[in-house]
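Everything on this sheet refers to the single structure shown next.
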Amino acid sequence: MATSLAWFSIWPIARTAMLLVFRRKLFWLLFAVAMLSFIFTFGAIYLLATLKQELPQMARFITSMLKDLDGSGTTYLNFMKLQGTVMMILLAFAGSVLAGNDHSRGGFMFYMSRRISLVYYALGKLLAIGLLVLLITTIPALVLFFEYGLLGDMAEYFRENFQIVFGIIGYGLLLSLSIGLLLLALVSWMPRPVPLVILWGGLFVFLPILSSVLAETLRDSEVNLEESSWRLLDLWNNLYIVGSKFFGVELPLFYGAIIVIFTVCLFSITAIFFRLRYLQHQS
Amino acid sequence: MSHLFEIDSLVHRYGSIFALNEVSLSVDQGSIGLVGQNGAGKSTLIKILLGLLKHTNGTVKVFGSDISQHSVGLRGRIGYMPEREGIIPGLNGIEYVGLSGELNGMSRKIALRRAHELLSQLGLDEARYRRLENYSAGMIQRIKLAATLVHDPDLILLDEPTSGLDPDGRAAMLALLKSLAQRPGKSLLFSTHLLGDIEHVCNHAIIMEKGKIAASGALDLMLESQLNTFLIRWKNKNSSSNDVYLAALKQSGAEVSLSEEFGQARVVVTDAWSKQQFFKLAKEAHVTLIGLEPEEIDLRTVYQRVVGYKKNLPPVISLKKPEVSEVNS
Amino acid sequence: MTLEPSVSVSASPIVEVKNVSKWFGPLMALNGISLDINPGITGLVGPNGAGKTTLLRLLTGQSKPSIGGIRICENNAWSAKAKSHVGFCPYGDAAWDEMPGRKAVRVSAGLHGFKGDEARHRTETVLDIVGMADRAHRPIRTYSKGMRQRIKLGQALIHDPDLLVLDEPLNGIDPVGRDELNELFIRLAQDGKAVLISSHILNEMDQLADHIIFVCRGKLLASGSLETIRDLLDDYPLKVRVSCETPRRVASLLMELDSVKSVRIETSDDLFLEVQNPNRFYGEFAEFVLSKNVDIRGLKATDTSAEPIFDYLMERSSKPG
Amino acid sequence: MKTTLQFSLFASCFQVFGLTLRRQFFSRQTIVITVLLGLSLAITIVWLASDSYVRAPMRGTTTYYRALSPETNAYYVVGDRVEAESVVCVVQGRRGGKRELKARVSGVISEIIIENDFKVSRRETLVRIQPDRTGLQLAGKILQPLFMGFLLPIISLGYASAAISGERTSQTLVYLLSTSIPRSLIYFSIYLAVLLLTLAVTLSCLAALCLIIGTAGFDVCYKYTPVVFLATTCYVSLFLLFSALVRRATFLALAYALMVETLTANMPGVVKSITVSFYANSWLYDKSLSLGLESSIPAYDPVGAVSSQIILVLAFLSFLLLGMWIFSRKEYD
């Protein structure tokens, strides 16, 4: 009997999913808004570089002012964090399109009755979401990095900061894996767009406020805000902490953050598996 | 060659409802019709054959290997056309069929080439780049069939392929299924509640009722006609001549039962009767006879006899109930 | 107990469609359609994508014609006034799934402006008519296709409309349910309502409808009762199959009948006739059988249903000119 | 002749109102929104009930004595008020190093666990302070970021954006459109139903959040209610307009509510004047001057209270009328 492996099917599923998302006009509107801050940063770096040529002394003053554009690891780290909040809405829409509308007109049955199993279906969709996340966070960050290097003193900057590239890619992969799993789990349980949007928005706005309020009041007097373990409730912040490790930046609560992210991913995987099995029997 | 599929005391329960209740069946290659009311268990049986549903107990073997172990591998050799829509809105025709091929292990290039061939065969040439949500019901059924056939499966499972089709679509679909049924070495399972379609396409029929196999056998076995029973149809100027004609028929020894439709009756005559008698009596009663045909039992009558739906039912002909039915023995 | 008959004795037809065309961008969905609909059952028949649904949406005021006008009981179909005369059963089985059937019909009564016990009275009346009085307490999502269809029909009947528009009401319903619904439609037509049924299942339609409208590719091919259409197509050959022992002899004899256009011997004992005027043929055939003492084993007209007529009209409409 | 229909337009509009209210209330949005409301109440309760502690930072045997309270010049006792960042006690290490321990929050000392001159070990709690929860803190900490910034737009979009586009996707809109009610009145009845439902949820949530901190909350609640009322009215009419225009209204509404509001809120120039929250915040800012809340309202050169009210009312009316006009023209498939 032929093997029951179907690794070949993952890329077609991902490709089709992304194709479906790109065909929606609303996606490009949301994508344009998501790229707004990238364009501003791109322009700022460009202005800064030209300024360094014409008025060197002015440039020193401005770079001291604009600390977060000094080309170090934190520049890109903060950029990717800012992109995250804007990406959140885009992902809610993409999630409901690439996974949600499979359940609307029997698409799920189309996949399941082929020579694949639901594991490969989930992996394909996850790859699609992951690539979207990379498209919005990692690729723009890499563009900014190379722009910064090319416009500035090229050789020296690249040689010195080349590990930033690994930082950007590492943080991007971390984001796409964890957010991808979480979104896929949420969408398979709640394919209808309205409740999905509210829940997903709540996750990214609610939890940060919850964790900052709890941290601020329940922490000991000496422990400053960022070290209180209540901050671990804010998933977005955990990703930021673990991501900054890739850039060699040490932030408190690192191990706590890793554990939280790991449990969230594990929980999402089991949620996806049980839901898809239920849908397969149900439809 | 082993059987196409063998099912042994299959039971499947949704909570307390028995979707399938002790089904035992073994069928060889060929085109099989699966007939039954909505909810008789047809779709459940198909999903179990596909390995999408873990049946409660019993063993199911397809192409000789157990479905619960090799469901993914087996699905590579089976094509399934679902009853519910089963399309992905947003894709166009070629991409949809191409994807179906790729998901069955074909490379992208071969899948797309095969898709182009199939679409032209199924008359969807000009619709190949149109989005699926703009397809009419008939085109959706044909594109789903194309997606089912793209990887050249040995067994095709069709769940209500003709529902929602207009007459041309239905006639075209049935002709297509007929040609598919004749492909050497390939078989086809055609599940529907439209009884007429089975006679066109299949050579073997399974009648299901409330999760059980009510009857299963070769189609021609089931459909032998009864001698000297006729269905007559006539037109007349006024209704009085109607009764005159019927009375005349009864007098000359025919047993007449009126059918619901106006101007139609089922007549059982003795062997001595000559056909001219119908015309002679009609002429005397000033009635023009426009239809006289020996009553072939069609599947509908067999179905109604076995399932017992119609109120005034002619006597049930004994169908051999299959404990283990060796169908093509 | 049926709804008190409201026979509107209006000379003019209930629906007047005057030279209506409808475009969706470049796509021409309807092209110059003019027709009237009178009380009784009217069948709207055509292949998928022929423009049936577009016509129904125009009749029920869901969309406006690009040119031309539609008047229902003397007011424009798009206006709210016209909709009080129209009961619409949309395609598919979308409904307020969480609501029990009785509540859904009660809400429809409210939507048409009935209050308190007037609404309750109408709800019970309509539930009786569609035969759901005792089964309407569970939520609609648990209903079979047939029961959903009956509730939808009840909702359309609640304000006692003159025109009842049903979009493929029998689609996907098993034979038993189909027959019961047909009987219901006939009863409604006898109440004096105009019942417009769109469908592509032809053989049901021609036993049911006393007036048929054929639509294809947005154009009106023919409209009238089946017989009037048949007489309309006088050069349309009627196909009859005759089975007998000695086909060759019978064939040569049959050729002499002038109403017989052509004879073809199909199998060992079957003849396939193409016949001119059907009524004249049957008279001559009876004479022939008796006079020539021929042993005929079967006589069957092979195209009593509207299907072949439909194919014929389709292919005639696609011929240029 | 035909039986005259006891057709009353008011009854049918009232039925549309009732149907929309019922369909929107018994829907998944309500479940998700109640979850979010429950969570925000939980946050407020936790924020309210949590005490602040002063703990010994150093290891080893240390002597500890309380500092002198500036007014009474005596040691702090239970019940004294303490200002934030003021020294509460001093700990002396073995080698004589002194450490002043400050209070994180202003409030009242509720318990002194360790008396003077006692040995303390590391991380042992010395003093427990009951922080005072003023309306100011509530507004700044909970109401502004959580309620005005997130819950209010989300609840409005949850109900309003699904009212018509939800019916379209479930293909039940045709049941409304095939009745003999003029379409603009159908739209108006739907608007009233959604507004009533959204107001009920938002105002009760506001009341719950405010009153939980006791009497101090009354004033804040009194100040916030008119702003929330008008902001909700405006949000609902805007999102219902989206719902009548576009099939995917929910995403457009969310994009507006979260992206545009966050991105444009702190942008210079005229851009920010397209957001409802800007005017709501300006009005709040104006009201809060008397309440001393101004520091916690994020409004960048706000418009006056009266003009923001006028703009909000104009916006709400124009969205509503535009919606009615479009709904009576548009052909919904």
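Per-chain numbering from 1; labels A, B, C and D assigned in written order.
In this text, a residue touches a chain if its C-beta (ideal position, glycine included) is under 8 Å from a C-beta of that chain, and two chains touch if they have at least 3 such contacts.
Computed from a predicted model, the values in this text were never measured in an experiment.
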Most widely separated chain from subunit B, with each centre as the mean of CA atoms: D
Subunit B and subunit D: spacing of chain centres that average the CA atoms, whole Å: 61
Centre-of-Cα separation between subunit B and subunit A, whole angstrom: 52
Computed distance of Cα centres, subunit C from subunit A, in Å: 57
Sequence positions of subunit B contacting 2 or more other chains: none
Subunit A, residues touching no fewer than two other chains: 24
Pairwise touch network: line, ring, star, complete, or other: ring
Interchain contacts, given as pairs of chains that touch: A-B, A-D, B-C, C-D
Footprint of subunit C on subunit B - complex, ascending: 37-39, 136-139, 160, 163-169, 193, 195, 235, 261, 274-276, 279-280, 282-283, 288-294, 300, 309
Complex contacts: residues of subunit C adjacent to subunit D: 4, 6, 8, 57, 60-64, 80-84, 86, 88, 90, 92, 94-96, 98, 107-108, 110-115, 118, 155, 159-160, 162
Sites on subunit D touched by subunit A in the complex: 27-29, 31-33, 35-36, 39-40, 43, 46-47, 50, 52-55, 57, 101-105, 123, 131, 141-142, 145-146, 149-150, 154, 157-158, 161-162, 166, 248, 250-252, 254-255, 258-260, 262-263
Footprint of subunit D on subunit A - complex, ascending: 24, 26, 29-30, 33, 36, 85-86, 88-89, 92-93, 96, 190, 192-195, 197-199, 201-202, 205-206, 209-210, 213-214, 217-218, 220-222
Subunit C - residues contacting subunit B, complex: 46-49, 144-145, 171-172, 174-176, 200, 202, 207, 243, 278-279, 282-283, 286, 289-290, 293-301, 307, 310-311, 314
